[in-house]
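I have a structure I would like to understand better, so I am pasting it below and will then ask my questions one at a time.
Letters are used for the chains, namely A, B, C, D and E, taken in the order the chains are written, and counting of residues starts over at 1 for each.
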């Protein structure tokens, strides 16, 4: 299944003339599986953090499908999502909310999984538009997934084709409520059911050319 | 024994050989050797007598009557020495050519004997017609000996030689007969008593004929063909013995012409010296090159002969020094050339398998270039001083120019020898080696004798130099033992002498000795015997400590040359260092010549047998600024100031791991020391209204800027560091040229700091390069975990170097700011301000592209650098920390010392705070505060981030892709491309192009000159006649 | 009119099929695969069709043929000419024109992935283009059943209902009305 | 007379030089040198010649003091003998060389022996 | 001036005040920028929330030692810079550790955090981080030049390198400010100021659309929180240098708040008005405009 030459094991000759094997997947990537990360030991601290988390939603600036176009107006004066503590970050390391904006082809799904796994716990996923819910108009497409929560732990769906920016704002407010309630444990859910998610993902992604978990 | 036996034995044996059976070749050869030995013994006995008793010259009257009725010979000290030289050359040539002589039989031996005999005759005779006869004998003998060669072109060469000889002899004969007609005597002394005034034309003919025997440029094409095609054993005689005899003959007949003819001799001599050297430059055939070099050397001695009016009693010392250095070295080189199968210069690489032969070559090349401790060095010193004293500066300039060109091609040749590859094996038999060995021994012995005669310190009795040379004798020992000895020697020297010096010199001394010892720790990584390393390195260190020791100009200059030569050999050891070592030695020797000239000028205005360095302070206008300028330029070649820097990057980058820190961290300081001494003693000087110190300020600032700027565009780690050294030296020069208290303090701080962090960085990078097998930074990356100690050293090094508190570099910056507050010129500061942050750029590049970023596949199993390389780095880290915390330990004493010269602006070392008139600085407090803040925050991060997952190199966010390969993920190549766009106009290689154009010009001139020699004997005869006409016109116009 | 003249000139040189004159500035012509390269070169060098607009394919399943359409553009005269080449569906192979227009290589990669038409020698033709790890017959072939594939490959959320948009919207907007009535 | 001899000598030298410089044939060059040598010898002898004196042969009939007044200078004559011998030697050597050169290249043209140059 | 133990709590107090001020002022400037775009902008306390959230993230990764230490260097640089300066003129309480060194210490300590951050970013192994760092270094190398010259000019003007003395010399009215006594130096310095504030037109090294977001690409969680804390302290500390050198210093906290705010606003104002320069453009910009001004300032002083 692994056909990418750059990921294949290879023999390398060191400067001292010794040859040794390099296994890129093992040598380049951390192999540790994700673990469940409990919240703060003291509940009130965790609540405090959850409150802060809810007020500081950093969205990963990754438009997976046509829905990405609906997020742009949120930055404009008309909708101004910043006032709700919503901001966009260019790197998954710093973001904690991943909006799957619309249909997700298998090719994009691979990147989405990688980006999701590189975000830090706690992290949240919002499915945007009907395509993420049941495939929408791509229900019979040969390369588009139809049920996002099969592959990533989704905290919230915003239905519509496409949902308007207002719907998104409402979604954010709903998301905040979930977070404040301490129910947005998608990351831990993903870690708990890691095998199941991985199996689902690998079922549709035929050339799985990455480690099982992308740290 | 009567000197007449010299002639008699030679002639007699030659006749005797004729009587022998053709088959008894062994006997003939034994007889020949015996005769030559006898002749040598006679000369030697005379020499011993003269030296031991100090007796005057002895006249030998052949027919029992006095001249003019009979021919008389004279044997004096000079004659004894020269005949000894000639006979020994003949003897060793006979030994060397033994095989050929045995093959060709008794006739060849007889001809050789005749030649040697005739040469002795030339030296001994006081009769001018007799002189002619001997010259003709030599022509005939040469004609015979040329045929010994197995080179098929030798015949035509010999014929060309005969053609021109015919012309010469006809002119000589006419001259003699008219001279006789005018004076009524054939005795040279008799003629001299009458003077040439009455028969100027006749004397001219005699003069020009004898000059022609010296093969003056450009009328010398025939001689070159002989050199190229004759058997090298004979070429040695032709060069060493014939040349010496002809020079002596010329000296003799000049007594007739008197001082009026000196300028003619000088002119011919200098034109020959410069011209032949220039033409030697493009040569590729070794023997032809040696021929050109012989002619050039003869020209130089001819110049000296022409200058005898100002040389006084030094005349023989100088002429003799040059002559013997030339004769011994040239004979040795010709003999050596027989071991090399091919005639290309590059073919000499086959010698490198034999260290002793390499040593022989080094000896000869050093003798020819006038390097210490050989006679040529002393002679050059006195000659230059005499010329400067007589204000013959143009001549002085031409001589030094020619010498530089000569050193250029000799060392280029040496570079080929050491660095080129050759499949040929060296084939040499004992009889062939003996003459070479004898020449080597003679070279060193002459060095000793001339040192003894010089009336200055005999360099071969100077302890540090002897210590360095001693390593030659223990080359068989393993490297670690020699290393221990080297470290011990350096440390011992420091222990023994440290009380003798003021704080300033002590700092330099400590860097030179202890600093060297620390770097030598890294040398423990080398295995085997490491032949050639220790003598070279120790020669450099000997030069360095002697430099500090020196109080007079001679000692200073000798030390300067020693350290230059030593470091040249060190640099040449690098892998690809051949061209860089060459440009290093050429620039260094050029700088040394400037220094020499400056000392000579200074000595000329304040005459004293030894010129104390301190006396520079007493120089006045108009010579003082010139001395200042020359010295400053000379020293700046060593500190690689901009314009004179092009040798440095390659030289430092290509050097071995432990050599780079030596030549960068230590050697550059020699130039700074010179500048320190210069500015301390001479202060401000101005030339045509230009303040020279101000010029230095600008040069320093420009060097700092451009050195740093060029450093940031390097892909090669060591080259980057090398350019950075240029920049750092610029800083130091700038500080010195500020000419205020703090400026000097800053320069000194730079001396210390630069030694520490540049040595550390070079070692660190060298260790990495050793492990990774490359110096290209973009091929490295991610080595931090594999080579953590090297990383730490680099990190500390770059923090210190960039001047970021709390490490010691900041002290330098702080002093710098305080220093410029007092400065009179403000504009150069702009350049310095700019170069500071630029340093940051290349430092980051260095540490990032090597240690951070992506680890390459082939480096995954790399180990930390060898312990011996890491250990000194750790010592440096400790030193840096120490200096950072307690700069006062060192600087305080220097501060007080500088106050002698520049009392204003001293720092106040009260408690832990250092206060200047503008600000203050408390290194301990800074360190503590920074450490506390850092630890506090670090502790906090450790607390909140205790569960961090350690990930691997490809666990990076990559726009949701995964990286392809480490090579394409590591951002390292062309690191500062935008800067090149914006500032690239400043780093165009103008200087390189300039020097390239200069060398091209010299080569082109040489090539154009070569067209004169089209190989046609008739044309050569034309040359000769044209030369006669030109010299005549010159003399008439004089 | 211009197209007709062009067709006439070409016809004299190559065995062309009928001219389909779509618009004033767009026409199609069918020709044998063997003459494609000559024709294209002629059009490019002599007739000013310097630009390859696109290269695409149609699956004529019933005829057992693929139709390749090379759409060329003449910037000077602002007109397009489409060259149609019919090739066999079985072991579909066609000579590439990436040496004439390097951009063609990309189209050829796409056709290879989506239709399974091979262009031997075309750069990177073996590499996957859009689909990663595709393991079925090329999806644009008409015998590929995309619905079946989607149902088998991708998890579905139960409860999905498909409505006819017209009737469904009418019911939504005018509840109670008869579905068929106006 | 002496001047005539001397002039002849110089003329011969010049002819010799001219011949040596303009003839490319080795043998002709050697001949030219011989002519020049002869010229030199004539010059030497001419220098020693003094009008009205006799040959420098000393015997018991004339006292040494008187002889000085009557004989010509003997030294140039001695010199010329040596010069002739040497000239002969050199000429012989040159001829030998010419022979060797001819053996090698089958030509006597000096311009053909220019392998060594520059 | 020397050390005594009370300096430690005072130092904490200074840092506390500046952190809070920095958070609030940063948000306020953001809001002002948003208002210029007719938005509401972030809540004034948003930065607190972001920092708390980042400290509160449960997971984090590390690429190695230098990566781990990078933010520590960064924040130490900011805090150290603040504490090495006399923040409030005439106040013993807020002179902190300025006994350790003078103006030069402050100028060079600016690079402490930069260096550490550059190394940390480098060890992350991300090419964008390295690109960002090199861009920043290239730009700052030229941007600092007018500032260095202006500082030299000011030091020459007052014949001292002591920041306290420089502020003291500017007391006694607006006309005594360096701004009016040495306007050319101030002009040069303010150009440099723009270049070092990480705002347009000189923010190509974080260029979010191109090399998401440059050096801190890999930083997250508590690392990012440390860096955010530094973002509150460091600009303020840096502006304090400018304020002390050119704008009469501050005799009290309110005065400092106001002056720092307006100086900060100046860079924000320029930032919203101009598009971004490429690196070589900004290098040339400083070479063509900043450097001549700087030279002029040291020539005329």
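By our rule, contacts are C-beta pairs under 8 Å (C-beta built on N, C-alpha and C of every residue); 3 or more make two chains touch, one makes a residue touch a chain.
In this text the structure is predicted, and so the values were computed from the model without any measurement.
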Given chain A and chain C, the chains that contact each of them: none
Graph separation of chain B and chain D (steps between touching chains): 1
Interface with the most contact pairs, given as the two chains involved: B-E
Central chain (by mean CA position): B
Centroid spacing, where centroids are CA-atom means, of chain C and chain E in whole angstrom: 59
Euclidean distance of C-alpha centroids - chain A vs chain B, Å: 69
Cα-centroid distance, chain D relative to chain E, in whole angstrom: 99
Rounded Å distance, chain B centre to chain C centre (Cα mean): 78
Chain C, residues touching no fewer than two other chains: none
Multi-chain contact sites of chain B, meaning residues that touch two or more partners: 947, 949-951, 953-955, 957
Sites on chain A at which at least two other chains make contact: 30, 37, 91, 93, 215
Chain pairs that touch, as defined at the top of this document: A-B, A-C, A-E, B-D, B-E
Residues of chain E defined as touching chain A within the complex: 34, 37-43, 46, 49-50, 52-53, 56-61, 208-209, 212-213, 216-221, 224
Partner chain C, residues of chain A touching it in the complex: 1, 106-107, 110, 133-135, 139-147, 150, 200, 203-208
Partner chain E, residues of chain A touching it in the complex: 30, 37-40, 48-49, 52-53, 55-56, 58, 61, 76-77, 80, 82-83, 85, 87, 89-91, 93-94, 96, 120-122, 187, 215
For the chain B and chain A complex, residues of the former touching the latter: 771-774, 857-862, 947, 949-955, 957, 960-966
Chain B residues touching chain E - in the complex, by the definition given at the top: 782, 784-785, 795, 798-799, 802-805, 810, 813-814, 817-818, 820-821, 826-827, 829-830, 833-834, 836-838, 840-841, 844-845, 847-848, 852-854, 913, 916, 918-922, 925-926, 929-930, 933-934, 937-938, 941, 944-945, 947-951, 953-959, 969-972, 975-976, 978-979, 981-983
